[in-house]
Amino acid sequence: MKIFDPFVLPFVLGMAFVLTYCFVGLIKVILQLPKDDRKKFLRSLVTPKTAWANIRDLFGDCLFHVKIWKRNPILGYMHSAIAFGWFMIIVIGHVMLFTLKPLQGVEIEGFARTFTNFYYPIFFKYFAEEGKIFGFLMDFFLLMIISGILIAVVKKIHSKIVGVKRVTKFGFADNMIRFALWTIFPFRLIAEKTNIYAFWWLYSIDLLIFMCMLPFTRYMHIPTEALFILLRHAGLNAREPRKGYALAQIYSCPSCGLCIDACPMSVNDKNSGNTSAYFMKKLRNGDTEEAKRIAETCLMCGKCVKVCPVSIESCDIKFSQRAETPYYVNSDHSYLDVILTEAQRSGEISSNNNKVLYFAGCMTQLTPKIMRAMKKIMESAGEEFQFLDENGGICCGRPMILSGKTAEAQAMIAKNTELIKKSGAKKLVLSCPICYKVFKDEYHLEGVEILHHTQYINELIKTGKLKVNKGDVNYVYHDPCELGRAFEIYDEPREVLEKAGNLRKAKSEKELSICCGGSLGSFNLTQKERDEITCNSVADLMFNNPDEIVTACPLCLKTFARKAPVAVKDIAEVVSSQL
Amino acid sequence: MIIEGKQKIWADYQKDIPDDHYFYVRSCIRQAFWPGSEVTFLDITRNKLGKDFYENPYHTTCGGIAYHSDTIPQETAMTIIARQFALMKESGYENYVCSCITSFGCYTETLETWHEYPELEAKIRQYLWDSCKKEFAKPKYLAHASDLIYKFRFDIAKQMKFPLVNVKTGKPLKCVEHIGCHYSKMFPSKGFGGAEYPHVLVGMIEAWGGEVIDYPERRHCCGFGFRQYFVQANRGYSESNTYKKFESMEPYEPDLIITNCPGCPYFLDRWQYVIAEQTGKTYGKNGYGIPALTYEEVAGLVMGYDPWDLGLQMHQVAIEPLLEKMGIPYDPKKKYQGVNGKDLGQPMCPSCIKSV
Amino acid sequence: MDFGFCLSPSSHVQMDKIDLATFNRLKETNPDINTCIACGSCTATCTAGNFTEMSFRRILLMLQRGKEDEAKKMIQRCMLCGKCTLVCPRGINIRKILLDITR
Amino acid sequence: MKENILIIGGGAAGMEAATQLKKLGLTPIIIEKSDALGGHIAQWDRLFPAFHPAKDVVAPMLESVKGIDVLLNTEVNDIQCDADGFKAVLTNGKTIDAKAVVLATGFDLFKAERKQEYGYGIYNNVITSLELEKFFRTGKDERINNPKKIGFVHCVGARDVKVGNTYCSKVCCTTALKQACEMKEVFPNAEVYTFYMDLRMFGPGYEDLYLKTQRDFDVKCIRGRVCEVSENMDGRLVIKAEDTLFGKPLKMTLDLLVLMCSMEKNKSIDKIQQQLGVANNSDGFMQNRDMYLGMNGTAKDGVFVAGTCTAPKSLPDTIAEARSVAVEVFNYINNK
């Protein structure tokens, strides 16, 4: 009985390398975590709730690729065939190792025993018989993997057949390791079936190539994703673009390219290089300049995060990347102090806490029709209300945060908070989702209910304060990024619109809605590039030929108005016209 | 620089004034700061050239300083001017010549205003009658004293003893000409050469052998500006104008500055001292300044008048280096002696600009 | 010696002596920066300009006239809200330029 | 008697009017005081807004007047009007009888030396827009020696009560930007500045030219009129202006200053104009009957006007007026 053959050495070498690398990487990531995060992480491992989620997602995401299945069954099959099939082969290999006991009668103990166990399951058939049941299972999963690989080959040659418009473009290393991956299993199959000695070598060498290249290519996502799932469930946030949690995410990105098609910028092929897949790749390759540029080009619409099969929070990483840019001019918003007293002196702020406080926001100042509509709605509903910024207010701070200047935003946040608290109001209504996002995330307004006007209007209708007459206009609703994807406020606006008229569907809705292109998130996009995005988004909204496009964001409104073939209205405007 | 282009303009801006029989009025500032200049003017015109220049002892200020400092209204200034014209009429003269540029500006402005608004002239006529029981006649010709020296420049050149030439090198002296703003900037046609390229001083320099320097800030005001000077806190503005001019002319290394305004030689002279005290900078060679002279002083120098008779000791910037360049003999001991040989006492020496 | 007054600095912008390094750097990445027609929309709509002297139009001019320090001082007022970019009739990416100036 | 139409002026307006009148069956006669047809436009190199070669416009015009009587180096000495029409005595002694007269006498370029503070004719490196155009045509001008800094002054002799012209000369803004771009083409490393009071980009494609001037040619437009020009020791020009947008005066040294001279009424025709009884308007140009329906007519029956003799105009406007005057003359002759 053979217990060793030199061809196992390449595999053993590769395996040893990749295990060492992953172990060092794991330690590195954990050490890089800020202290409080590390504690959180360790605690999450033993907390039953998160532990269960970990197990569920490790199987669901890593092996079965549930999320990809949901999005694209063919790709789902491709991924799970390879991942699950491979996993099963390894599992069955080990099961065989212990049940069939191929080394019976050979006395090997200690290190040598461990050593043989290391490679035995991988080359089982060369050393021992599998038996019928195991033989069938092994062949079955091997063929399953090969079927997955066949789909991958088709996808590579002609991605549209499997429903993918754009695929990530790879460099030499990524192409090479992919070729290695594709050939591992056919070689194994041939080796097992023909027992031609050379193929065992080829098989082993392929494994060596794959494992040695793994840490330096996108396939690193296979081991890293498991760690990432654990970290994610611990509820961490990326604080630095290339360290700790972010590092785990960077290596977890499989460069699958699903975000490329999802990204609104991809409407222009030139800009599809600015999508998250490439961002992660630049970070992985240490190309800081490019990563920085992409981070600052991104619209921050968050769609890539929603479609990511690995749930990589690329927007957070982009934020942390933006925060790294040094600014040599410090903000000075000390003038805000004076405004406060001025506003109080002019009696703009009174302290009647029955009132609804309305904050229009900077962008709404440019679309006064929203303010007028809100005024009319609140009057009709018999609400007592007060404007916080009728004659121009203070920026909410979100644009500063989007620029990576979180600290600088605090001045504005503090002043607005003070103004709101001084008003004594218990309900704050906002018209701008950009404001809404920062008010929800960064403001500490305990005891004040913060509502976007879509929610507020819906509430007024539901409580009977507002009567809306149903008209016969066909509306399509555009979900603003910072209302929809950020807070999943999908139903309220739709309920409101159903009351005011007929709601038609856009081609992409809710979490798949396409950014209007006007986002403050991007610095670098030119007007022309933004216009392309807008046109694409408009076309998507016009899918069912609505009479009017309705949105709930002043910036979307202004942006769409430039390019839409039909009237573009804010939801407040629609409601106020149907009173 | 295309000199033909300037010559064309000079030919266009020639004014018609007679060369004799003038009613002469003095300048408040000049008779105080440069007393030799007006004396020299009368001496040259009367005694050297044999012209009739009458000076009436009852004439007064034209009111220009008060007018430009906003302390009297225009009607008051015009009434003062009307009185001067009445004196001219009473003395039997028709041609009026003034020593002061500010006055020249005021007279021109008054005559032009009366021309446009005859009712104002009638009103002033009434004011003058009410206040002095005098009647005036508008002068037939109005001239500035520099216009006449310009007109006589070739006659003066004939009597010239010391041309504007450096006796050591034989090269013409580099002369900066500075025209008082009120000479022709308000009414370009009233000045020889117009407003942009006035010829009145250029003509003298050329006739007397000097070389004219045209530097970028040539047109700029000396900085007097009345209000800017009279309020102490504002004097920095005044000084800054002079500073700007000197910074601009410095690379040309001028030997002297000729002016035709009362304030300009004063400020171009005195501010050199102040600039030197404040910044340590002097614009002449070897720690000296650049002498800023009146046109009469220059005429007197070229005609061989004694420098101290011309009153050149009244200048802050030492005149001696210029006298040496021109080869004009002078007695240093007499610099601070009065007319009767009486010692006037020596002024304090400034620390940064050479005074001897 | 104290005269009770002193030379006042020239109010002239000395175009021969100004340093345009920052403006030229910005021009490389934002070629539209030259196309400002000084309409003042950015200033009129500016959230910070509602309370302060903040004016992007002037900031651009300051950079073109070598008054970089003044420009950087004024930029401190900016809240980066982006209204200026929305109203610019020449489509200048003002917000990006504002950020780039401070880098 | 032939239906002679006397056209005074052989520039764009005169040539185009003659061409159209001939097509309408009348007999135009062009009187041109210089030795060639073409007028000012023939001295131009390229036209705004799209850098179209001027000769591509002038050449077909010259081609189409072939066969029309043209008297070069000739002016009208005397003109009389009677019931039959007009009797013009020319400087060559000939007399021409005509049924109608078209004044297409065009404009004179403002004499830049009149704006003394700019020092044209005094400072070597101050040139006019016309001289720059000649440089573009011939590549020769000894004053243009690889300039590093070039300035353009708008409104020289226009919108300026000090020179007696309060009107806008209409085409100089666009011409200045065109020439500024062309200077950048010839001297890519030069810094080019234009000093404008308003930029009046009134025609199609003009605003695009303005955008291109700023963005692609990197020409710097400064709002403010140059008020003073002097020469420094190196013979370079020192100019002063106020940057009115910045609210501060500015000073800079230039190697070349181009004066965008305005259009003024061509005064060589004054005597004939008087004899014909055509008055001047408040800008000193010829007074047409009215600026809408009567733009080609004058107070005198049978006397018509076309082109820049009535106001500063662009070439397309001039050509349009020349064509319309032909129709007016045709109707006049037929309704007589």
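To keep things simple, chains are lettered A, B, C and D as they appear, and every chain counts its residues starting from 1.
Going forward, a residue touches a chain if its C-beta (ideal position, glycine included) is under 8 Å from a C-beta of that chain, and two chains touch if they have at least 3 such contacts.
It should be emphasised that the depicted structure is a prediction, and the values quoted were computed from it without experimental measurement.
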Of the chain pairs A-C and B-C, which one is connected by the greater count of C-beta contacts? A-C
Which one chain sits nearest the middle, judging by mean Cα positions? C
Here the gap between chain A and chain D, centre to centre from mean Cα coordinates and rounded to Å, is 65
Separation of chain A from chain B, taking each centre as the mean of its C-alpha atoms, in whole Å: 84
Whole-Å distance, C-alpha centre of chain A to that of chain C, is 38
Express in whole angstrom the distance between the two chain centres, defined as the mean CA positions of chain B and chain C. 46
I need the residues of chain C touching at least two other chains; which ones are they? none
Counting only residues that touch at least two other chains, what does the list for chain A look like? none
Using the touch rule from the top of the page, what pairs of chains touch, sorted by label? A-C, B-C, B-D, C-D
Chain A to chain C touching residues, read off their complex: 325-333, 335-336, 338-339, 362-363, 365-366, 391-395, 397, 399-400, 402-403, 405, 412, 518, 520, 523-527, 555, 558
Going by the contact rule at the top, pick out the chain D residues touching chain C in the complex. 199, 211, 214-215, 218, 220, 223, 240, 243, 245-246, 248-253
Residues of chain C that touch chain A when the two form their complex: 45, 47-48, 50-52, 72, 75-83, 86-87, 91, 93, 95-96, 99, 101-103
The answer for chain B against chain C in the complex is residues 232-237, 239-240, 243-244, 274-275, 277-279, 351
Touching residues of chain B toward chain D in the complex: what are they? 1-2, 4-6, 8-9, 194-197, 214-219, 251-252
